[in-house]
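Both complexes shown next keep chain A, but they swap its partner, so chain B is in the first and chain C is in the second.
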Partner chain A sequence: MSEEPRIGVFVCHCGINIGGYVDVPDVVEYATGLPDVVYAEPNLYMCSSDGLQKIQEAIKKYELNRVVVASCTPRTHEPLFQSACEEAGLNKYVFEMANIRDQCSWVHMHEPKKATQKAKSLVRMAVAKARLLVPEEEPEIDIRPTGLVIGGGVSGLTSALSLADQGFKVHLVEKEDRLGGTLLKLDTLFSSNVKASEVINPLVERVKASTDVTVHLDSRVADVKGFIGSFDVGIETRGEPEMLSVGTIIVATGADYLSPEGLYGYSQVDNVVTQMELEQLFKEGGRLDGVKTLVMIQCAGSRNEERPYCSRVCCTEAIKNAIKLVKENPKRDVYILYRDLQTYGIEFSMMEYDAKKSGVKLVMYDKERLPEVTGGERGPMVRVYSPLLDEELTIETDMVVLSAPIIPNEDNEALSKHLKVPLNSDRFFMEAHVKLRPLDFATDGIYVCGTAHSPKEVAESVSQAKGAASRAGIPMAKGRLKTAAITSVVDEAKCSGCGTCIELCVYNAITKNERGLAQVTSAVCKGCGVCGASCPERAITMRHFTNEELEAQGLAALKEA
Partner chain B sequence: MTGFEPKIIGFLCNWCSYAGADLAGVSRIQYPTNLRIIRVMCSGRVDPALPLGFLAEGADGVMITGCHIGDCHYIDGNLHAKRKYGLLERLVAKAGLEPGRIMLDWVSASEGQRFADIVTGFTDQVRELGPNPAVTDPCVKLNLMAAKAAAEEYRLRALVGKEEKLVTEGNVYGEEMTQEELDRIMEEAVETEFTRNKIRLILSVKPMSVKGLSAETGIDSRIILDHVVALRQRGWVDLHEVQGNSPVYRAMEVQ
Partner chain C sequence: MMDKPVIVIGGGVAGIQASLDLADRGLKVHLVEKSPSIGGVMAQLDKTFPTMDCSICILAPKMIECFRHPNITIHTLSQVKEVTGKEGNFDVKVLKEPRSVDASKCTGCGLCSEKCPTKVSDDWQKGLSERKAIYILFPQAVPLIANIDREHCLYFQKGICQVCSKVCPAGAIDYEQQPEEISLNVSSIIVATGFQELNPSELGEYGYGRYKDVITSMEFERLVCASGPTGGHLNRPSDGKHADRIAFVQCVGSRTHKKGYPYCSSVCCMYATKEAVLIKEHDPGSEVTIFYIDLKVFGQGFQQFVDRAKQHWGVEYVRGKPGEIRRNPLTKDLAIWYEDTMTGNVYEKEMDLVVLCTTMIARPGNRELAGVLGLKLDEWGFFKSKDPVRSPIETDVPGVFVCGCCHGPRDIPESVAEASATAACAAEVSRRCAS
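Our next item is the complex of A and B:
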């Protein structure tokens, strides 16, 4: 762009996320004084439709030809702001972000003065880069119309079928020797009390019958290479390697249940089982006939220091099973010992109401004074202190049922490394953005659903699975996708044809042209920049990350305000 | 060193480290405010000339983080980062700057805590070293500028670019090199290129004789003479005038 830069700087409060720690008005005022900045303004939420409109209005009103937004991370919000710029007639590559939330206000919460200073610095760096930005054209790539679904539980089966229904081929990789996942172990599902088998079996049958879905049992993902549109996924089936070529990937690997060893007498006192084992007893039938008194204990291994999260489904599951037990035999005494009963939403709250009406006894316990389970003459003895009654109750029982939490799969760690997608602090897979991109990973072309993402019930998993399949379907339906213009360009006047870049490029994006000089195929180039940083003649420029731009950013950083 | 707050620049790769830094934020893990992050697509993008330039301009420390080895989004970009960092280390040492002012490490997208720990550790380390001497000592600054210029020259770049292949596949004659041999060649090349660029920088400020250059750099005048001959052949240096019996040289504008 030969015209003089006219930069607009937009500083986001992000509610209190930035504004609570960084002096936003001060940053705006500072930005106004930076070179080539002709306009600056704050907004409570820059990413809101109001905020985006303000940017577009300012682009027109102040004839901006560069835009800097100081807010959160470009990894989640850059595309949104870029398309706002495009709608207002600017090329998306004249946009730059300063990450003053994830890499500033959130990590310096106790140092507001220094955080403000750093935010100014980050804005100065972004402006320094923005001054040098130029519009770029985007190359297009092909998207293979084949999806990979990892995991053959209810989420994986649902998303595989949804992809097949959309007309795509699907590879379904399941680590066990049969399809179905956790639902195979459950008797009934809340809130309708439908048999789990009635939900899962038809899905399994449809997948088996589908000519579009190729099922790989006893298989694991061993290696992932490539990008959206052309992933090469190495899997291992009983030790046999195989290579799958797919365009998109859905992670539906589900989760595990905690085996609460040592908690509340589990595997020490007879007749202490988990809700999952109770489901199995329901399925087998018979053994519960003699059970006259039964105590369920909630949060058995969750919401503690080791596992601070709530497993979400256990309260409603306990309620469901308690109702079933008292309805089977109204003389039965069924207790649920809970910390906070989380039967969220009207539907599940109604179940709680039903349980109380049916005579299920709900006893709150205190997390500072946990219930105790010991072996008694008849069965397990439970002692629980009720803070509401301010007294300790002793319950002689036939059976204790522990509501053990859903826990992340052990192999999440390995898979997250193969796919280069993150896990959260609880070791579940983490989406790109909880509200804006809840089913995507930050890495394009990879999506997540079901309990791989967090503990959730079947209906939620199914919704997510269908959503993830729709997300994966978008690029595959289009067949082609514009990719970032962040590619390398060779200056033929400087190139000596030494071939260093050709040897270094893992994508074979660089070849020699008829004059013996290096030539980049933009659509194949992934923009890593290794060639540019290595070129002996310094003849290669990395678009959008040029030496001059990076240098300007660094020098701006050193120029403290 | 009370109240010294180091200025630290970090190059973070977009796919792992930058995401790891974001995760530190999402997890509200606190770390010192000194770091200024420059996002690059890959740690292999970090041309050693960039950190050297920032160090010459007064950065107290420069850190580079990429994906873990084996986890690179670009398959092996971080291996190239490692090779380039090797050159950076040599040139920083040649310039006489403390090795603790630069750092290369790996942070994945899921390692928010690790990222915060690395930043905290590096900030403490640089704080301990004190301000970058280049700010007050023109000799150090000159050295760093010479190191930067050397990193921009053909010879070192070509060597680093071919390093992997020379070690694994051998040269054009099919002779494989050991890493030790290559290290020796690299060290010699770094010494030569650093000195030549330093001479050129000195001469660009003020024309000097070989004797004068020897006094200025503390390098034996016979070695200086060899370099000056080579620099004249490259067209970087030319005769300025003859004072008495001594030729005085000046630096040429290089395109």
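Our next item is the complex of A and C:
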């Protein structure tokens, strides 16, 4: 904006919220004397329709080209005032706000004089910044209406079908030579004991039949370029490269199971198997007729120093199989040795009671004194100390079943590098926010669901998969996305190409251009300012928060009212 | 053709997330909430586990987003009373109770509450403090509009006072407002009505209701919150003395076949750990003990959170459910009797404050709503999904979906993920019915 700044300052009473403690007329009078301020007025409620109208009238009457509102928090009210400015013909980025409610009247209500002083200082700072403000644009980008789902297990299939049902095309990439994932290896699923095949097969069939889903078997993601709306994903199918053009990406790569080598006699003592191997036995129709006594050991390789997390599903999985074994042969002795039973929620709690009623013997053990498994004459011998009985039990068994944990896939590292999304300390994929963004990555346009994120059971994976499809569907349904105006700008004349900013940017918004200098992809930049703060050459500045603006604001803070 | 809107019943974090997902993709949403503000239980929590985020600080921006979103209409003080039709074409009647305040005029300044002479026990603060008969539910309420509690208002009860009307600078008080019936035609219905906390006086255990210093976990959340009745100071309710010795009792009313409920509430072990850490953060010298049966650490980062509570903060975990709590009439301290089942030893320990981690139970209103929607409830009054494995968020009625704690206890991220899932289902319905 080349013309001289003409600033209007509007100071809000907010009823008694501000006016009860801060001397609003005094602040208005003070504002009138600040440089480039041509008009200032108070209002009982700046945010009321009357207040907004007053701003718009003043913009016209006094030919204002910058607006400062001193009121409450920009978090709730900045968009409202910005749109009022836009309606009066100003760009929304020539608006600045001073929060004299939260930062003055509320926190200093016992010192009204000082609160008023501080309000003046905040207004002085806002005006100092407003003098330098310039209009900014919010560029729009196109979103391709095609999703990529990585992983063809129950989560990936569910996500892919939901995206298709929402009206989008889908590429489904699976590393194995068939769809289905972990459920192909399971016999039945808790809590309803439904056959795993009855859950997975219909999903596989629907995906195969769908004209909207293109399945790529034996395929891996080899390379990812671009950003939300236009990702170019290179995949390799049996050595053959292919390029997929998609708008969004869902990571549904699932997880693996620990093979508990050396734990509790596994692969050393005969008839020590894992819960997954027991499932396989069931699936193949094995009846375990010879097995009169069977012991399951929980947390076989989890909740310890090496792998601190709980694998969530193993207690309920063990209970499901124990009930089946006891019901199959009520004379059979089935023990579950556990630390803390993770039978959370309603259905799993009911399964715990069912197990107890059916005669499954639940024996708690102490982490400090783990059970031991040795080879016996008949089969594996289990010794376990029960703190509740204060007694060591020796159980002669025919079979020991270890509940080994779900572990992250080995190729998570590689995929996380391709997608530039993080893994957590357990090496599972890490979401943007644990509480409120469980399915998003911090990088726009990429989402996560199922056991790729952490151990979970089938219903939870199905919910997450649908949820991820909702998240991915949002930008694709819109078709176009306004990107932020507040992004970083590189002054190529100053940039030395050191690459510090590239390493620090968590959104991967900065790359090197052909001259080796930093280059910002505005569509990806969140305007966090880390690059600007860390640039040794001061070559990077943020739109709407330029170095000059911040310096002016800072210097104004140091001046006396 | 314009896509039909979707109705979301319940304005807690699940309902908020479902609404935002749908609105962001361009569908119109009617968000129906029966209390005066959206926010639900999450708005009442102090912090959230295991990240210790301030609960309202992370929720309030989403609440405001709902309020400001051009595709979302929030109906507070409203309940769904009648539903006819089928997937793609439901006719819904919503009954809106009068607020007695003109929402278009009220600016939420709070002058009316300040001047109102009538004090009422504040349910939102779990009865630990008082509010006025005209009030704003909590400082971050959305919409930020006053509401008259007619049962306690002097004008409605005795025809006198009218102070609020005299002091309101916006002229927003409207004593004549009538209940209003709103008719909506929607393509699908998302049920997100949440849960409530069991009132442990029903159990007659642990002296709740008899001893003021035996409180529930929700009461604790308000007590320890900076915007709570004590400004976040952990003062025991009986005499205001600072609580230095605090016990948490798990499974109060849960996992029992006697009085109470047989199921596990899923979240109590972790929120008790969070609450214990909060106490230690405020005052590292305090003694905090958590009594439990099985420590439920099944979620991401939970075990690590417990390890840190034990090792770094010195929170004590005792495996065993206390047998009894008695109050010493001289010191007013509580004596808690328990057996440490790991050692078999029996102890008696003095406590200043005992927090009962009570069962998450179904809202009684589920019964009526299930009738209106044609949904089934389980034995404990939670909504039943179509299939516990394959269709966890669908119901027996096509076009009606459930998310969050209205179909069983679960934590915030699970509720949020499910909410997005129901939004996907509703988006699918919308497309199916449009084509």
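The working rule: the second predicted complex is superposed on the first by the 349 of 561 C-alpha atoms of A that agree within 3 Å, B and C clash if a C-alpha of one lies under 4 Å from a C-alpha of the other, contacts with A are read in each partner's own complex, and residues count from 1 in each chain.
The criterion applied here is as follows: contacts are C-beta pairs under 8 Å (C-beta built on N, C-alpha and C of every residue); 3 or more make two chains touch, one makes a residue touch a chain.
Because the structure is a prediction, the values reported are computed rather than measured.
Trainee: For A:A477 in the superposed arrangement: first (chain B), second (chain C), both or neither?
Mentor: The answer is second: A:A477 touches chain C but not chain B.
Trainee: Now for A:V194: first (chain B), second (chain C), both, or neither, which partner does it touch?
Mentor: Only chain C is touched by A:V194; chain B is not.
Trainee: Examine A:L439 and indicate which partner it touches, taking first as chain B and second as chain C; both and neither are also allowed.
Mentor: So A:L439 only meets chain C here.
Trainee: Classify the contacts of A:S463 with the two partner chains as first (chain B alone), second (chain C alone), both, or neither.
Mentor: second
Trainee: Once the structures are superposed on A, label A:R75 by its partner contacts, choosing first (chain B), second (chain C), both or neither.
Mentor: A:R75: touches chain B and chain C.
Trainee: With both complexes superposed on chain A, which partner does A:Q166 reach: first (chain B), second (chain C), both or neither?
Mentor: In the superposition, A:Q166 contacts chain C only.
Trainee: Determine, under the contact definition given at the top, whether A:R515 touches first (chain B), second (chain C), both, or neither.
Mentor: In the superposition, A:R515 contacts neither chain B nor chain C.
Trainee: Identify the residues of chain A that lie in both the chain B contact region and the chain C contact region.
Mentor: 75
Trainee: Within the complex, which stretch of chain B touches chain A?
Mentor: That would be residues 7, 9, 14-16, 18-19, 21-31, 33, 36-42, 44-47, 49-50, 53-54, 57-59, 67-68, 71, 73-77, 80, 84, 108-110, 112, 116, 152, 154-155, 157-158, 160-162, 165 of chain B.
Trainee: Could you please specify the touching residues of chain A with respect to chain B in the complex?
Mentor: 73-75, 99, 101-104, 106-111, 114-115, 117-118, 121-122, 125, 225, 416-417, 420-423, 425, 430, 442-443, 486, 498, 500-501, 503-504, 506, 526-530, 532-538, 542, 545, 547, 550-551, 553-555, 557-558, 560
Trainee: Please output the residues of chain A touching chain C within their complex, sorted ascending.
Mentor: 14-17, 44-45, 47-48, 75-76, 79-80, 162, 165-167, 189-192, 194, 199, 303, 308-310, 312, 340-350, 353, 366, 387-388, 390, 424, 426, 428, 433-439, 449, 453-454, 458-460, 462-471, 473-474, 477-478
Trainee: Provide the residue numbers of chain C that touch chain A in the complex, in ascending order.
Mentor: Those residues of chain C that touch chain A are 13, 17, 21, 24-26, 48, 50-51, 53, 58-59, 61-62, 64, 68, 107, 109-111, 114, 169-170, 255, 257, 262-264, 266, 294-304, 307, 341-344, 378, 380, 382, 387-393, 408-410, 412-414, 416-425, 427-428, 431-432.
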